[in-house]
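Consider the two complexes below, in which chain A is the common component and chain B and chain C are the respective partners.
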Partner chain A sequence: MPKKIGLSDWSEQFKLVSVEQIKKFTYYHNSEWGIYLSPPATFMVYGTRELKRLKLDNSFAALRLWGFVFNESERLFRAKQIGKKVIATMGDLGIVPVIIMAFPDCVPFYPECIWWTPFFKESTVLLDTATQLGIPEATCFSKATLGAFYKRAYFPRPDAIFASTGASCDDYSCIMQLVEDLGYEIVWLEIPLRKGQKAYPNNASGRLEEYLIGEYQRVWKKMVELTGISNKNQLIKSIKKANQLRNLVTSIKNLTYEAPKAPLPGLELMTIEFGNLYGYADIEEWIDILKMIKRTIEDRIEKGLGVLQEDAIPIAWITPSADPLLLNLVEDAGLRIVQTEYVINQALVPIEEDIDPFRALARAFLQASLIGKTSERVKRIIAGVKEGKIKGVLITNMLGASHCAMETGLIMRFLSAVPVLAIDVPQPFGITEQLKTRILAFAETLKH
Partner chain B sequence: MKEVLNPRERFGLLVIDEKPDRCNIIPLITSHSATVYKIGLKEYYTNGKTMAKAQIAAIEEYGHDAISIFSEVGIIAEAMGSEFIYPDDDLPVLKSPILTKVDVFALKVPNPQKDGRLPIYLEAIDYAYSAVGDKIPILAYVPAPFTTGMMLSDPNQFLLATIKNPNQVKAIIEMSLKAAIDFCYEIINAGGLPIIVDPLASSSVISPRAYQEFALPGEQGLIQFLHRYDFDVILHICGDTTPILDLLLQTGADLISLDKVALKLAIEKLAKKMRIIGNFDTTKIGFGTVDEILKETKAMTRIGMRAEKGYIVATGCEVPIFTPTENVKAFIRAAKEAGWYWD
Partner chain C sequence: MVNEKKLIGYTCSYIPVEILAVTGFKPYRLLSGEINLARAGEKILKVDACPLIKSNLSYILENSDKFACIVGSTGCDMARRMFDCLQELSDIPTYIINNPRTDKPEIFYDEIDWLVKELEKLSNKRFEPELINYEIEKWEAVRNLYRQLEAGRRLQTASLLSAAEFAQICANYHRGAIELEIKTTNYFNPPIGGLRKSTKPSVYLIGSPIPYEAHSIIEMLENEVRLVGDFNCGISRFLNIKIQNKDLAGIKQAYYKQIPCIYKRPNHDFYAMVGERLKELACQGIILWTLDYCDNYEFELKRMEKTFGLPVLWLRSDLSFQNKSQLKIRIAAFAEMLRQSI
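Moving on to the complex of A and B:
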């Protein structure tokens, strides 16, 4: 029966997994150190402490998913050990890695995704280190990135770093500058603010496109310098690969959202959605995992099975939670996530394949979540509310993140037709009974 | 040099073949932590929380790189029915081995949550993991099947049986392996990384042939179980293991902790496939002078750092219980000074 299970149940289930199955799945096709099919207990023993409390989907596909995701840090080091180039792409959330993957043996990753690490580890080590390096305490949890760059134990020293500034998260712009202060060489990209026709009266979108094309060509040039290779056909192939991933994720989301019973928990779905950014540093293997996830979902739907009660109340979630446990708690309260706005829309939309590849990437980026109007950002959710598919909205704020402080009030105004709960994500291991009560009260409001 | 990493990060890099800021330093501070915490030994090995608190106190005192949950190698045998005496000021002593009373086929695999002092160990692991597990690895020492087998039996009879009745010894080891696997399973769920200890498989106790026939299969079985979890497995064998160095490669262990062996020889034979742990003389740390310890630890560390796949600065066996704290501090200070990798 599909369900969410805790660590000891997963350990019990893992007894049934054969050695042959364990050896079957590897990253970078390496059977010596590329095995990743381990139970949650393995990662817990190595310090991922929240796994003692989290509940995860009980499918074999989910075992693969979590093994692969928790293995990422090692994977990046291994990539470097076998001669691949590890490229840090910061701040743009979804486009630059498509360019990087056009170059052979280049592995992109997002250092900011380490913001989940303090929560998974229930540890303030990285946050405290960032504070010691000059980031104020009241800053977005993505400051963990700075601590990780300093410590050099979470990912290898990148062969190149591309960082986006401009119309990006203010906090993260500061963090990236401090990374540069640590002695890392950074190639900076400018993200333009997407405004309406009034601000750019002469072909607004066209001008922004041209600007972004120039920025992406700079990335391309730097990569050519780094690798000595320049093959635009590979960029076209890379876009096709990115679209394969994006289409797969879209279908997984649609299947899950529309099924009478949720066939997959919200935590796994969030993890899947963020995989669109860079395929967790091995896009081929990640796509293979998602195909298995999709088959699992289809099978569950066909059998009428799900991981949540059929009467779970559909909600939308805005801004991703740094603390994965919140997704468990929300579902435990009887809610079901059927729409999300996790600030990575540019990583979810299809990239045009029949135009110049740089223009296609620019157009995809112009659909980004945070570079334009709030009304644009939440329009899909507003539509869902109007159609009666969404009964409430949950917003998770990051303390200090400027877009949260500025946007949450606006979002609540746009979504006034349904109850909205906005909560600040507390520090690691900081979820209080009071916060749980607020979530339960929100669920009660929606039920009655 | 300024330390950049915490012990958890340092150990994490070691097991993926990366050089950390400095060598991991993990002297086998086990029951010695009771001395640091100023408690009686009996209190240490009969109360899980106390054991964990003593271990944490030792880390705070010395600044080494891992918690070591351990008191003595009889714990699984005790849970299987062997009787031990608990002296107030010493470690448990084997009083009445179960196999002097019952046949091997009457042996039962213990329940780690209930039997003997296994629950005490699990409580210690759980407490330490909750308290410091984000920054410090929690190592839990598990006696290997051969060592447990000898604790289930009259030791002399057990050794004689390796010659006169090998099938019986193998049957005992098979049961001990099942017990060790079940214990490891619970240790893992509590947050501990099992370390296999097989002191009685040392060449100081048995011949290389007996090691190969009886001890090695038990170690391999346990290591195979832990490899299912993708753990990097540490095997510790005290005493002289020079005659079995080549056989150690067959264990499958990822890290090998050695005692009375020439470190250079061990590196030459093992370091291409295994990370090396060791091997400061425990008599020296217990009774040597601070100057001697400083000098010899530095020399040892410099040799150990030549190990290709990595090196952990450690003592060859457990730090003696009543070792002066200044001696342990000297050992760690020297290792920190000499064991630096990063610029």
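Moving on to the complex of A and C:
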């Protein structure tokens, strides 16, 4: 029976997993050291302490998902060890890795994804380190990135760093500047503001595309210098691979959102969505995991099974939560997530395959969540509310983060047809009874 | 003829006032720093939004009939997003220029061309070269006069002009009131008997824009230190604009090549150019004044201490000045520390 289970249940369930199955699934196709299937308790012992409190989906596909995701740090160090180039891509959330993956033995990753680490590890070490390095307290939790670069223990020293800045969030732009000040060499890329048809009537986004194409060609040039290889056909293949992943995720989301009973929990869904950024450093294996996830979901739907109650109230979630526990709590309160805006729209949209690849990437990026107007960001959610598919909206912010402070009021205004709850995600261990009460009260409001 | 009734509000030092002035409207730098307005802004924005933005937003909405349009840039994320609010809550035309964070002059120049076209449509006026030239000459003459005044602020012995007075004069520039007569005689001629040598340590002011209503902080500082210079959008940062060629191309170059904002990436040039200023002015310390949640400056405090090699006093404000007594004590302690190190 599908359900969310805790650590001890997972340890029991893992006893039923055969050695053959454990050895079958590996990263980088390496059967010697590439095994990533472990009971979640193993990761808890290694430091992912929040697993004591989290509940995860009980499917084998989810076991693969979590083993693979929690194994990422090891995978990046392994990549370096076996001669792959590890490339940090920062700030653009979804496009530059597609270029990186066009080069053989190059592994892109997003250091900002380390923002979940303090919460999974129930430790403020990275956040405290960032504070000691000069970052103010009230800032986006992506400041953990600076702590990670300083400590050098979370990922290997990147062979190249691409940092995108511009019409996006200030917090991370400032963090990237401080990373450079630590002594890392950075290739800076420009993110333009999306002004739309009205601003450039003759050529809707033409000039913006040209700016971005120029930037992506710089990325290409740097990668050619790094690898000595330049094969544009590989970029076309990389785009196809990225689209394969994106289409798979879209399919998983649509199946899950539309099913009468949610076949997969919100925490797994969020993790799946963020996998679009870079495939968690092994896109081939990640795609295979998602294919299994999709089969699991299809099977559950066919059998009328789900992990949440059928009367769970559908909500939209805006801006991802740095604390995974919140997703469990929201579902425990009787809600289910049927739409998201996790600031990574550019990683979800299909990339055109029948035009110049750099232009295709530019057009995909121009659909980014944070580079335009707030109203554009919540368009799909507004539509979902109008269609009656979304009964409420949850916004998770970070105190002091620039776009959160400015967008939340407007978002509440745009979505005023339904109850909207906006909360500031607290530091690790910061989820108080008051916060839980607010979530429960929000759920009560929606029920009535 | 300047249309006295309508203002053209702007939020950023990269926006050429000359271009705004060609429209016939009065350029008005949005530097509202009134605490009640900031609190009113919290009806729309979260409490952790920049107080200047909150105040400006409320100010614009309360005085919407005064504005022909508002022009902004992508310099600071919160300032840019204020325009989303304006577009939703008012009918005032708004224009945002893409001000590149990285070194991309072509983007900036394209955006200025775009802004010119939009303002031509708004004002129903073609921006002929003669009109542009006229505004450049006018504003350059004003800036030259202000530079002479500024020189009086930073004399080695003592100031002919206090920083507070100078800031008030600069406010005229920001409000577009450049036709006001400045009684300069006193500021250029030392009093009979010469200047009394100042014993106060010389410091430089950097940080978030000082709003019109917050000049009391400058007075507070001057009780203890000499403010011999500043890199502050609310005071004299505009003096870095020097337009060589008196045409649109000259405007673009001058505004693009000014001492860069700290949010530019990488921001080494900010440190290099401000560092030169600190040396020229023989500064003994730095006052870093930030508004709450001003990421661009707050993140850089430690880097400033390290890079400039001078003591830095960090003053943070929500525009309420409820902590005046504490501020005075901190400023006095900073001055005492600087005096002991001289």
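Just so we're on the same page, the second predicted complex is superposed on the first by the 440 of 448 C-alpha atoms of A that agree within 3 Å, B and C clash if a C-alpha of one lies under 4 Å from a C-alpha of the other, contacts with A are read in each partner's own complex, and residues count from 1 in each chain.
The working rule: a residue touches a chain if its C-beta (ideal position, glycine included) is under 8 Å from a C-beta of that chain, and two chains touch if they have at least 3 such contacts.
All values reported here derive from a predicted model rather than from experimental measurement.
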For A:35, decide between first (touching chain B), second (touching chain C), both and neither. first
Counting only touches as set out at the top, which of chain B and chain C does A:138 meet: first, second, both, neither? second
With the two structures laid over each other on chain A, which partner does A:193 touch: chain B (first), chain C (second), both, or neither? second
With the two structures laid over each other on chain A, which partner does A:344 touch: chain B (first), chain C (second), both, or neither? neither
So in the superposed three-chain picture, is A:69 touching just chain B, just chain C, both, or none of them (first/second/both/neither)? neither
Looking at the overlay, what does A:264 touch: chain B (first), chain C (second), both, or neither? neither
Look at A:96 in the shared chain and tell me whether it touches chain B only, chain C only, both, or neither; answer first, second, both or neither. neither
Residues of chain A touched by chain B versus by chain C: which partner has the larger set? C
Name the residues of chain A shared by its contacts with chain B and its contacts with chain C. none
Listed in rising order, chain A residues that touch chain B in their complex are 7-8, 11, 14, 17, 19, 22, 33, 35-39, 41-42, 44-47, 49, 52, 73-74, 77-78, 81, 121-123, 125, 150-154, 156
Can you list the chain A residues touching chain C in their complex? 133-136, 138-139, 163, 165-171, 173-178, 180-181, 186, 188-193, 195, 199-200, 207, 211, 373-375, 397, 399-400, 402-410, 413
Using the touch definition from the top, list the residues of chain B that touch chain A in their complex. 4-6, 8-10, 12-13, 16-18, 20, 129, 133-135, 137-138, 185, 188-189, 191-193, 228-231
Hey, which residues of chain C end up touching chain A in the complex? 43-46, 48-50, 53, 74, 76-78, 80-82, 84-85, 87-88, 96, 98, 100-102, 104, 107, 110, 114, 263, 265-267, 293, 295-296, 298-303
